[in-house]
Every structure is written in C-alpha cells, then in structure tokens.
Amino acid sequence: MNLPEPFRLLLFVLGTMAFVGANAAYLVWVERKGAARFQRRPGPTEVGPAGLLQPIADALKLMSKQLIVPPGVDSILFRLAPILVMMPAMMCLATIPFSEALAARNINVALVMVFAFSSINVMAIMLGGWASRNKYAIISAARIVSQNIAYEIPMMLVVITLVMMTGTMNLREIVDQQAGAIWHWNLFRLDENPLMPVTFVIFYICMLAETNRAPFDMAEAESELVAGAFTEYAGMGFGVYFMAEYANIVVGCALATLLFLGGWQSPIGVWSGIPWFLLKMYALVFSVIWVRWTFPRTQFYSLLNLSWKILIPVSLATLVLTAIMMKIL
Amino acid sequence: MTPTLTEIAKAFSRVLGVTLEPGFSAEPGGGASANSGITATTTSSSSSAPSPATTAPPATQASTGTAVPAGLTTPAAPTAGMIPSSPIVFTEHASRGWHLDVTVTAPQVLDTARLMDRLGFCLDMVTGVDWMAQQAMEVVYDYLHFDSSVRVVVRTRVPREAAEVPTISEIFPGANWHERETHEFLGIRFAGHPNLTPLLLPEDATFHPLRKDFVA
Amino acid sequence: MILQKDIERLSAGSNETFVLNLGPQHPATHGVLRVKLTMDGEFITRAEPVPGYIHRMHEKMGENRTWAQFLPNTSRIDYLSAMAYTHAYVAAVERAAKIEVPARAEYIRVITSELNRVSSHLVWFGAFLLDLGGFTPLLYAFDDREKILDLLEGLTGSRLTYCYYRFGGVCNDIDAGFVEGARAFVTYMRPRLLMYRELVTDNVILRKRLIGIGFIDRDMCRRYGASGAVLRGAGVNYDVRRAEPYSVYPQFNFDIPVFPEGDCMARYLVRMEEIAQSLRIIEQALDGLPEGPFLAKGVPRMMKPPAGDYCFAVEAARGRFVVRVVSEGKDIPYRLRLRTPSFSNLSLFEEASRGMMLPDALALMGSLDLVIPDIDR
C-alpha cells in the first residue's frame, strides 16, 4: 500500500485507538466471563446476548458519572495522570507489527521505544497516587515504583539476551528470524541458549508485575489499599486507568508473542499471518486472566525478594550463558 | 502442671486470709456434684482486709432485697443479694456453670488476679451488675484454665455511687477492653486503667446504659 | 524474610510515622470495624482497633424483654454462627430453670449447630482468601454454604438469623428430608475439602503468605482470653465441647485439631480440619438420632427462672461464647452478659500486629475470623 504519509499516519492513529478501545472494553467482558466460568457462575448475562453489550453499558455508566476532584488534591496532576497512563500504551502499540504488512511504523529501535514508553506508565500511576492526597494512594504509589524498578531490571536483562541472539531491535526482523516452524521460535532456540524457556517465564512474570496484575497487583490490592492509586478517582478517570491496564496487558502479551512465540509465524511453517499473531496473543492474555483468578496476592516483600534474589540473578546468568555460547559456538 | 480445685481453693484461702475446713477436698470437672455446698469457714480476726462476707448476715436471695439499708458507703459493708455466707464456695458446674465462687473486697481483686495469673488461668470475662436496690455494683471476674477446665468466679461489691475497683489490665491485658466496656455501660471506675474511654459507645458518651436508673 | 531487627529498627528508630485509618469502611475489615494504624512506611508501629460502630446494646435489650423475647436477639450477635449463640442462651436459661431437654432435641441441636459451624467456617475460608487477594475460593465456599443454608432454611425458615431453639428443645422436629439432605451434604463436602486442600492449601503463594506470619502464642492467648481456632492454632487443646461438655457432645467421637505453630497457617489449618470434624459429628448424630419428643413437656410459656446467676459456655464457630444470666425470679432477666469470642480475639490484635507490614497484619486480622456484630454486640 502506498498511501500518502499523513493519511497513513492518521489511519494508524485511529486504528490504534480503536484497537485499544475495543480490546479494553471486550477484555473486561472476557475477564468477567472467564472469571465467572472459573467460579462456576454465569457472569454478565443481562445486557445483550451473553452480556456482550455489558462493556458498553459499563462505559456509559462511567461516562455519565461525575468526575470528582477531591479537595486538597493537586488538581492538574490529578487530571493529567489518567491521560499519561493511557498514552504510552497507545504509543507502544504503534510500534508493534501485527503482521508482515500491518504495522503503524517499522522502527529499527522499536524494542527500545516500547520499553521507554512502558516506563512512563509507571510514572503516571505514581503521579496519580501522589496527586490524590490519600494515604492509601501514596502507599500504592510507593509500592508501584519499587515494584517496577525491581521488575524492569530482569525484564531488560531478558530482552538484552534476546537482542544479543537476534542482533536487532527491529521487531519485524526479530519475527522474520523466527520463520519456518515452531522450533525456530526464540522460545525454542536452545542451541544459542539452553535456558530460553526460563527467560520466557521470567519475561512473563515481569510482564505480570509490570502490568500490575494478580498475583502482583500490589498497586491496587483491593483488600489492603482499597483501590490503591485509583482510590480517589471516579467515573471515567477510573475508567481510563482500567482501560490502560488492559491496553498494557495487550502490549505485554503482544511483545511476548513477537519476542518468543514467533509473532505471526505459523508453528507449522505455512499459512503465516495475522490470525496466528492474534491467536497467540489472546492465548497469553487469557493465561493472564487465568492466573489472576487462581492465585492469591503475594506479599510485597516476597515480590521484591522474588525479583532481586531470584529473577535478576537467573536472568543475569542466562545473559552470561548466551554470551559465552555465542562466543564459543 | 495443672492445679486441682482443692489446690486452687487453698491458694485462694491463703491470699484472702481465710482458712478452709480441715480435710476438705474437691474434684475438678463438670460432674463435681458431691462437693457442691462445701464451704470454707473463715477466720474473723487474722486477715488484714476482712472480706465482706465475714461480717455479713446470712445471705438471702436477691429478689427479696429486704436486708438492705440504703446509702451504704464502705466497700466492706454487708449487702444482701447473692453474697454467699463464705468467701470461697464450691458450686456444681452443671448447676451454675463454674466450680469455684470467690467473694472478695475490691482491693483483693488485684491479689486474686495475680493468683490466677500465677496459676496459669485465663481471664474469660468481666461482668458488671447493677444492684440498685442494694445500692451496690457487683463486678464479676470469670477465669478459666486451658488444661484443667476449672472455672473460677471472683466477685466483688462496691457502693453504687462511688463504684471503683482496681484495674487488672496490668496483669491480664485482655481485661483492658472488658473493663472499658464495664465502665462505659455501668459507670464502674477501674482505678489505674490506662485508657478508660468508651469502647463500644460513642467516644463522647457520658451515660451508662446498663445502670438500672438509666433513662434513654 | 524480613528480619526482626529490621522491624524493630524501623518501628522504633524513626519518627516519620503517619496515622492510617483502616475503616470503618474498608474491604478487609468485613464490616464496620475501624483500626487506627500508626504506620512507619508500610510497617505498623501501633494498631488500635476502634470497635463499636454497630453497637446495638443487646445486653440492655435483654433487660427489657421477657426471657423468650430475647431469643431472636441471640442469632443477631454473630450472624454467621447463630445456632451456637442461641444454644448458649437457651441452655443458660435451661440451667437456671432446671429444664431437662429431651435427647432428640439435643441431637437436633448438635446437628444444626455443627452444620452452622461448617457454614460459618466456609464463609471465613472464602473471606480470608479474599483478604489475601484470591477471589475465586469465596465463590466456591459460598456455593457449598448455599447447600447448608437451603437445608436450614427448610427446617427453620430463616437462612442466617435462626431462631430455632426453644427453652426445653427445638421449635419443630426434623423430617426425613432434612436427614437425607444432611447426609447428602456430608458426602458432598468431604471431596470438596480434599479439593480445597489441593487447590488452595497447597498453593505456594498462600503458604508463603501464611506460614510464619502473625504469631500468637499460648501465653498471649491466655493473657487476652483468646479462644477458638486462635487458641487451638497456638497449640492449646481447648475446646468448650471437651473442656465443659454440654449437650450430647460427649457421646460423639471427634478430634480437636490443634496446631502448635501459632501462625496464620496454623489457624487456617485448624478451621479447615474443624470442618471435617464437624462433618464427623453430624454423621454420628444422624446415625444415633433417637426417637422421642423434640420439646420438653411442661415448660412454662412465661419463664421465671429462680434467682441467681448462671453461666453457659458453648464453642461457637469463632470460639468460646458465654452467656451469663442473672435472674431475680421475674419474667425478665435482671442482667444478661454476652461474652463473645471475637471481642477477646480482636483485643490481642494490638499486641500481635506490632511491627508487621500492612498486608501481613491484614492476613492476621483475617485469620482471627472476626464478625463485627460479635465484637460490638
């Protein structure tokens, strides 16, 4: 397709926004239905067939609610934080190739850009918690910062390992390298690093922690911190946080798919294309939901212990191992 | 090391300065029926703090309330109601719900609490009863033992208008809340209590709803 | 693991503390309990529970109505364990008035009390896991509990606040349908307990959150008068059903689960094991259910127990519940004292939670199994 550049840009901005919006809305539905199935209950059934219009009803409800700005909050930052939370998720999606042809931008340093923007997400939640002038929100903000510092490091180490193996930060090239069949996927490139599945597990755990999902939902921790950083937010302010959470899950799962599971490459070597990408990505999203409704929350300090005492040493070890193997073999 | 009921009664008699009938014994447990009604005799002069019962007339039932002169002032004053003729009474567990019923003066509450602590007892509850007809406030301490399942009731009476009992919250921290509750409901002061503010009532409550003359 | 010296340094050395009001509306307090926390970061330096938000003065109500009129109140103190509470009150009055209860009535009381204990423990199980951030077990537990509630609703007409026991027996007899339903529940519940063990108890995150957290030892229990699973989780073999046997409990063969560790896991395991033991009791009681009247003959409509004070203790789901009635021989009680287990169990929270982190303190609070109306009365 050879569209004029501004038109192409506009199309992708709209596309990304629609994708994020639809995902956020319908992942809520999937989560509610899925949770209901795990808990032997029907879940939403009233609005539309099988409750399919429930997200729309929810959105209407949230939008019709008053945006309460409590007295004493830093009103500029308080309003800014939800926007800042949503924006990086959208920006990350702009770099993610859905297939050979479908990508907003094919950037050579896409990987750097994704991680740069996903860090802003943390800052924004912290900002919201801090601006709320609520003790629960401040505890939550403090937790988020230490949690994300702890988990960015092993995630980065894993990604560096991967970049060493692939020799590129271009997501499309990374996926292209995994063409062929399932054993070409980075997950199974055991000849370069026999610990590759371990690095995938580390990446997955870090992704759960970065997106503040159970069992690492320290930021929200509804039985401890009421709603954490989002306690003071009402209406769509809360709704945007909610959407951003799902957008971040989508970004995280999409990255995991691209980096480890061969992106849009088919596991049997033929018929590669966008359905494979979506299938793998949503399977990961489903597993994230599954984990949430299965496990209790971890303690905060064991969460940090897990990162600093287990994940970082192991990911460092895989990094060194990869370096040695690349040098020797 | 679980004390038997007899040992507990003897320990009480030492603390209270009363002597038990020689050769008596009691068996702990729910079915101590044979021992019900055994009472201790009291010395009249040797104890420094005579228990109220030593000078009390034979007890009558509370419902009669005849023997009560109004306007009593001293804690040791004789009152009617359910004060037994002797400070240490064995009761049948199946009939009342406890094994040993000890009546003491207000200052002796501390000694008995220390004794109970030493014997490894646990404070079950603190109850206040307003005997308005007798112008008295009764504070009842229930103790239980984890191993021997003996239950001991220690009760004391103080004049209604100047109801003050020493706190045992230093010995049993669990008494802290029970005493706060008894204070707010009945207006009984617990001298030395660290924080005698209302617990269940609103923090600015000045009324005592369980007093019999309380009008809502 | 956090080192003890770190906790001491953090909680003693710093003066940068702030007060966090946990409640009266907070998801973890399961009701309107307020805990005033003095925090140093996430460490609790002092936790002061402030109960009383739903205080209803049941003790005063008791002084203003006849002995029988107070019956419905007893089930509204601990709404999850209403049967045991009614049992204590009814039995205290029976002790005062020297009423002999027919054997069948006692069996029915045991069956319904134990069913109620199972349902109460199931609610605790779900709510405790909810405190720990696991939502799903709650729904499973409520699913099981629903079966008990249906059974008891068929028998008593209410689902939660039963007023089923009467002085001298029970309100109406159990029928074959109830017996069959109770048996079916026992056979249904046993595999469920195995499933909970595999799915929940053995979960590594849960074990990390409970083992070694929230120590309450024997001496602390003694000083604060803690009872129930808190006490048995501290290694004390004390259960009112054995220590002060009442009703027909001596006739049944059941174990008192005791775990000596004194941490949250011990209390968790005690309650889970108690469900199994209650099922054993129910089964034996259904097997040995005697024929005969379910209500004693000749109990006066207007009770006038002889003067005196009387205590009756039962093992409710949360621990030792004592009713003291002081009678003047009139048709209304002179004084009614309710010693509730949650009250004493919560009073040790201040000491036990010192130096803990907020999530651990909430795990501790959950493991105490608090029912707020039971504290506030």
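Think of it as A, B and C in the order they're written, each chain with its own count starting at 1.
Please note the rule applied: contacts are C-beta pairs under 8 Å (C-beta built on N, C-alpha and C of every residue); 3 or more make two chains touch, one makes a residue touch a chain.
Predicted model only: the values in this text are computed from it and were never measured.
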item	value
Centrality ranking, top chain (CA atoms only)	C
Chain at maximum distance from subunit B, centres defined as averaged CA atoms	A
Rounded Å distance, subunit A centre to subunit B centre (Cα mean)	66
Mean-CA-position distance for subunit C and subunit A (Å)	43
Rounded Å distance between subunit B and subunit C, as computed from the means of their C-alpha atoms	28
Junction residues of subunit A - those touching two or more other chains	none
Subunit B, residues touching no fewer than two other chains	none
Touching residues on subunit B, where the partner in the complex is subunit C	30, 61-63, 82, 93-98, 120-125, 127, 129-130, 140, 142, 144, 146-147, 149, 151, 153, 172-174, 176-177, 185, 198-202, 209-210
Residue numbers on subunit A that touch subunit C, as the complex places them	35, 38-41, 135-136, 139, 142-143, 214-215, 217, 221-226, 293-302
Subunit C residues touching subunit A - in the complex, by the definition given at the top	2, 18, 20, 26-28, 41-42, 129-136, 139-140, 143, 203, 205-206, 208-209, 357-360, 362
Of subunit C, residues touching subunit B in the complex	51-52, 55, 57, 59-60, 63, 92, 95, 218, 221-226, 231, 236-238, 242-245, 307-313, 320, 322, 324, 326, 328-330, 334-335, 337, 339, 343-344, 347-348, 351, 376-377
